[in-house]
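Same chain, two partners: subunit A is paired with subunit B first, then with subunit C.
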Partner chain A sequence: MRLEPVADPGLVRLIGLPVLALAATVGVASVLAMLAGANPLAVLGLIVQGAAGSKFAALETLNRATPLIFTGLAVAVAFRAKLWNIGAEAQLYAGALMTVVIGTQLGLPGMLALPLMAGAAILTGGLVLLGPVLLKVRLGVDEVVTTLLFNFIMLLFVSMLLEGVLKDPMGMGWPKSPALPRDARLPRIVEGLRLHWGFGLALISAVLVWVIQVKTTLGYEIRAVGQNPQAARFAGIPVGRVMVKTALLSGGLAAMAGFSEVAGLKGSLTLDLSPGFGYTGIVVAMLALLHPLGVVLSAIFVAGVFVGANSMSRAAEVPTYIADISVATALLFMVLAILLTRFRVVRG
Partner chain B sequence: MTGREVVLRLEGITKRFGKLTANDAIGFALHRGEVLALLGENGAGKTTLMNILFGHYTADSGTVEVFGKMLPPGAPGAALAAGVGMVHQHFTLAGNLTVLENILLGTRPLFGPGLGRAEARARVERLSRDFGLAVHADAKVKTLSVGERQRVEILKALYREARILILDEPTAVLTPQESEALFATLKRAVAQGLSIIFISHKLHEVMAVSDRVVVLRHGKVAGEVATAQTDRHLLAELMVGAEVALPHPAPGIAGATLMELRDVSTPAEGNRSGLCRVSLALRAGQITGLAGVSGNGQGALADLVSGLIAPESGALLVGGAEVSGWSPRAALAAGVGRIPEDRHATGSIADFTLTENAVLEGYAQAPFSRRGWIDWRRARAHAEAIIAKYDVRCPGPEARIRLLSGGNMQKLILGRALEATPRIILANQPVRGLDIGALTYVQERLIAARDAGAAVLLISEDLDEIRVLSDVIHVISAGRLSPPFARGSKTPAELGVWMAGQGFADAA
Partner chain C sequence: MEIFEILLSASFWAAVLRIASPLILATMGELICERAGVLNLGIEGIMVFGAFAGWIAVYAGLGLWPGVLVAFASGAMFGLVHATLTVPFGLSQHVVGLGITLLATSSAYYAYRLALPQVTSPPRITPFQPLNIPVLSDIPFLGPALFSQTALTYLAFASVAVVALVLFRTPLGLALRAAGENPAAVEAQGLSVTALRMGAVMVGSGLMAVGGAFLTMSAFDSFFFEMVNGRGWICIALVVFGAWMPGKALLGALLFAGFDALQIRMQQTPMGAHVPYQVFLMVPYVLSILALVLMSRRVEVPAALMVPYNRGER
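And then the complex of A and B:
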């Protein structure tokens, strides 16, 4: 068995294969539901209902999708340049940290505080990624290792601050930062509904990233460096500088996830702010084929599966790990589908 | 010849890749004790055919018969076991092992007691004596010259009792003198009953070494002739299917010096030579040819001119002024047009469209971008202009460049460089691997640019190409540059002496 490249995949393959991948994912989830002793159709129905069955459910899904859009964009931007940023989690916490520090320590009015919080978060997130990238550009240190390890450093650093200088005196001993004042929080998009403006910012960011990628010289440089650094260097593209710009953009986007979670949803910083949004961002970006607008859709899909599975497990007593497995299998099947649009399997 | 035993027979070999038929019902026979040349342009199907013979590909139809037995299709190893040995263009040797270890590699465990190394050594030494393949069995391969490494590859095949030897473009990396030595070895080998397939696209070599010639064109056998009954002209016609008219340019009129190297040295990189106190003047209206065996400093000189590296010592002058902050962008700004050696890895981005590739060097400036915003309409118009003017055959400016043939890709790169009206042109192996049509086109464009007043530096491993096109020839060897030789003042053999490193002031 060998793979032969397909010159022109055709519309049937391009659309059919991803649909097939989704169907296969549903199939695997059904088998798991049966193994757990439940009716698979009922389980699927409950997941869909839990994710999108009511206004409340749908908004919950969009809320959950918000940080995933940001981390997904962060990963997509970096991966385009073949900069393997596995550290979106660290950049997220760096952004959350700056948000809380500025929002609670300076006592600024909301109109001033919010932009400053976001700006400081973006800058810090970018700087967190800048270190590993400079090590890569200057010394050839593998950024997969450094960005991954930075996640643990950052989490421990935040933990230290939450047990120390940033600990809320009113927190009854819990490792938690003081809460942001009312006016330093992101408002709801529609009064009375739980969806906050972080989601709006995420959509705007996705469009901005898309515009950067297709319309600007920076986007062109990022793609050129990612596809063929040797040709990019020969053509006079400053590869190192492009990597640095990519790092600032990617780290800043991941930090926005932290800003939006703290200022839009939680109001304060705790160590369980992110259940791995930084890592799930990799899945989101890969499912979207690194396309910034696709990231929005895939983030909503992944968030829906998690939110839906959560509510399903309460109703049908099927464990929630079915969500983790479904997202993972969706990714595997999608990667396979993408491979099969570009290659065909030939015997012999 | 016909009375002799047939050792290898290919019959009706057909292989298709999608719409492309790489091999179309190819058949020929190899007799015991003959050198059969397989002649054809790049892309004629030689490599595909050999891959089928060795079981790397499975033919859609057709059979391979070795010593009267069918080879099972798609089974690499079967050919080896049947006594077919191959010497690839790119050697497959481990540099940190000795010659003997390389030859034994894969035939038995390398280390451990009682493995009969003494016996193996005796056999290797006997083979090397019998076939005139002088190499020292205990030398580390990394210390050997390219010619010696090739001998090790041949010894390796002989040690495995190959009775049929296939050599894929064996002279591409050799000096004329080393090629002569190789031909002598091949003659001794056939005298001892071996049979050899010699793959090449160089006519004079085929004439010198072979007994019979099979010519491939567009995947078909275009002709099969006894070498004694043909000549270079006839073979060339068979190979390209038409009368060949290579450009024979009138001499250029030399003008001012546009770029000058004064005593420039650059460090070596890996097994690539650096430059060693090179002085060179590139003058307007002249093609300066650089001859030499690959890896002797051509890469460093090309990188220097194109801006990828700066001199470690010495000076680089453009338009009479010493450059500072030399970089690819600085080179472009100074009016250097670059045609890189490797159009796939360096000259283009495979998954970018023709439009995106057309502005690869100019995207950062007006008219293609303003304040960081790219004007794709203008970029596209630029690509369309290149496509039309340079006859790039393609589905359109929005097609990915990976879909193009090498010749059309090269035309786009050529157009990209020339449309910026460069004063200095670096053409590094500009026609390697191109078919005859694209080849003459690219050469004519370079001559036209020269006549328009550009200074052209032509780097090539093909001595004929250098001799025909250049107004001035330098030979590079181990990073040192020979004095300039005027057009026609040196024979290939005389240049070969310089290529081998003799003639330099510091040569022993």
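And then the complex of A and C:
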């Protein structure tokens, strides 16, 4: 078999195939539910209900989507430039770390502390990614492996600080940072509802990234470098410098996930702050076809799957890992479906 | 100095071989894939699934060797999914590989919860026992250090010889390497690049899974979440460090395991007690990055690595 470009895909192909991919994912999830001895329809119903069945559930989904929007944007920005940033997890923790350091150690008033926390988080996240990117640009070291390995190093570094200088004296021995003072936390968007301003910042970031991509020279340069670095260099685009800027942007966005989780939701830093938001960000970005506004939708969808599966597994005897499998399956089916909108399979 | 005492103990060297074994198996698996032109980032998840599959098969009543086969087959199955998406369809090897890692890891955890819904600590199996090689294991120092390992460790070392032999001394190996260097030339010989690459990814993924199974069937005796803990990513670094040569990759794995065994022992020395244990645990990851940096200028990457091949398109 080989692939042949489709000249004019047509609406049926463009919409039908992605829908088919999602349907296939639901099919896989149903089989998994049956393996667990549950009725697939009931399981799917419980997942939808748990994700969006009540005001509380829906807000929970949006809260869970917030860090995923940030990490999804971080990945989308980087992948556009063919910069394989698999280290959003490390950048997230770097951002969270700066957030608690500035928020708890300097004793600043909230009006001053919050912007400083966010700024320092963004800068640190960017710098964490800058290391692997400079190694790539200067020495040709593959950034996939280095960013992946940095995730483990960063988590150990955070663990060391949480058991050392950053340990909460009131923490009953748990490795946990002191809590941020009340006025150094992100306020709720609507008083009384459990949705914090991190979500608002995530939406604003998505729009900003979109504007950067379509309206600025940097956006054009990032696209050019991603499509063909040689041609971009030939056209006079400083490829190395574009890579560095992309790294700062991508790392900064991932760090915002850490900032918003600490300052908006948790109030302090623990080692389980992120259940793999950095890695899930890759799925979010791919499902959104690397489009910043699409990231918002796909993050809400993925968050819904996780939140829904969590509440479903308490009701039915189906392990919550069904959500992780479904998300991974959706990713694989979707990249295949997107390919098949542009190519058709021919024999020979 | 404690460090000399450590280096002079047979148990240290025995530990080096033990720590190296899963790395060697999985590194050989990745090396086969990459030699044929496919970067397999599914390695981390495939190792997790292999660790689970081999262990649960033995727990369910199979023998140890059939358990190893189950692990291999499960790895090959994920390899088939990976290869189907990346070879004939030519999808991004980065994205598919990470997707396979997510899929394999979560599948292992899901299956674990289904098989053992109520347990708080995982049941144990009787793992591979040390196999004393007659005569050799009686040599003082060297015997207990090198020749009193489990069968899977010997298998790991044998796999290096087999991979090297097949890659460099057989027509199949030549075709495989050509698929990773110049696929059009392979096709001109009347061979199928697709078949070669898919076969390589399946066998390679099988080896990765056996590497994972070493953890549950030889090094330990039960399955824990996160027990693979980045070993797969380290193996990818080892392939680069070994310049895509089986022998050099083996040396890299041993060197790496040596540092790892050393850091574990240094933690227990009076000096090590003053250093936070996390610093020691960082050593393997930092070393892997250092290895990549050191080799960056010197290695020749297979020319067609990560380049999908579509017939009729030149």
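By definition in this document, the second predicted complex is superposed on the first by the 348 of 348 C-alpha atoms of A that agree within 3 Å, B and C clash if a C-alpha of one lies under 4 Å from a C-alpha of the other, contacts with A are read in each partner's own complex, and residues count from 1 in each chain.
Going forward, a residue touches a chain if its C-beta (ideal position, glycine included) is under 8 Å from a C-beta of that chain, and two chains touch if they have at least 3 such contacts.
Here the structure is a predicted model, which means the values were calculated and not measured.
By the touch criterion stated above, A:F152 is placed in contact with subunit C alone, subunit B being left untouched. In the superposition on chain A, A:F277 makes contact with neither subunit B nor subunit C. Of the two partners subunit B and subunit C, more residues of subunit A are touched by C. Once the two complexes are overlaid on the shared chain, A:F301 sits clear of subunit B and of subunit C alike.
In the superposition on chain A, A:F234 makes contact with subunit B only, while subunit C stays out of contact range.
Look at A:T216: by the touch rule set out above, it reaches subunit B but stays clear of subunit C.
In the superposition on chain A, contact of A:F70 is made with neither subunit B nor subunit C. In the superposed model, A:Y93 lies in contact with neither subunit B nor subunit C.
In the superposed model, A:F259 lies in contact with neither subunit B nor subunit C. Interface of subunit C with subunit A (complex): residues 41, 81, 85, 88-92, 94-96, 98-100, 102-103, 105-107, 109-110, 113-114, 117, 229-230, 233-234, 236-237, 240, 276, 278-279, 281-282, 285-286, 288-289, 292-293, 296-297, 310-313.
Residues of subunit B touching subunit A in their complex: 17-18, 58, 73-74, 306-308, 327-329, 331-332, 338, 340, 345-352, 356, 360-361, 363-364, 369, 372-374, 376, 403.
Against subunit B, the residues of subunit A that register as touching in their complex are 4, 7, 215-218, 220, 223-224, 227-228, 230-236, 238, 348.
On the subunit A side of its complex with subunit C, the touching residues are 1-3, 32, 35-36, 84, 86, 135, 139-142, 144-146, 148-153, 156-157, 159-160, 163-164, 279, 282-283, 286, 317, 319, 321-322, 324-325, 327-329, 331-332, 335-336, 339.
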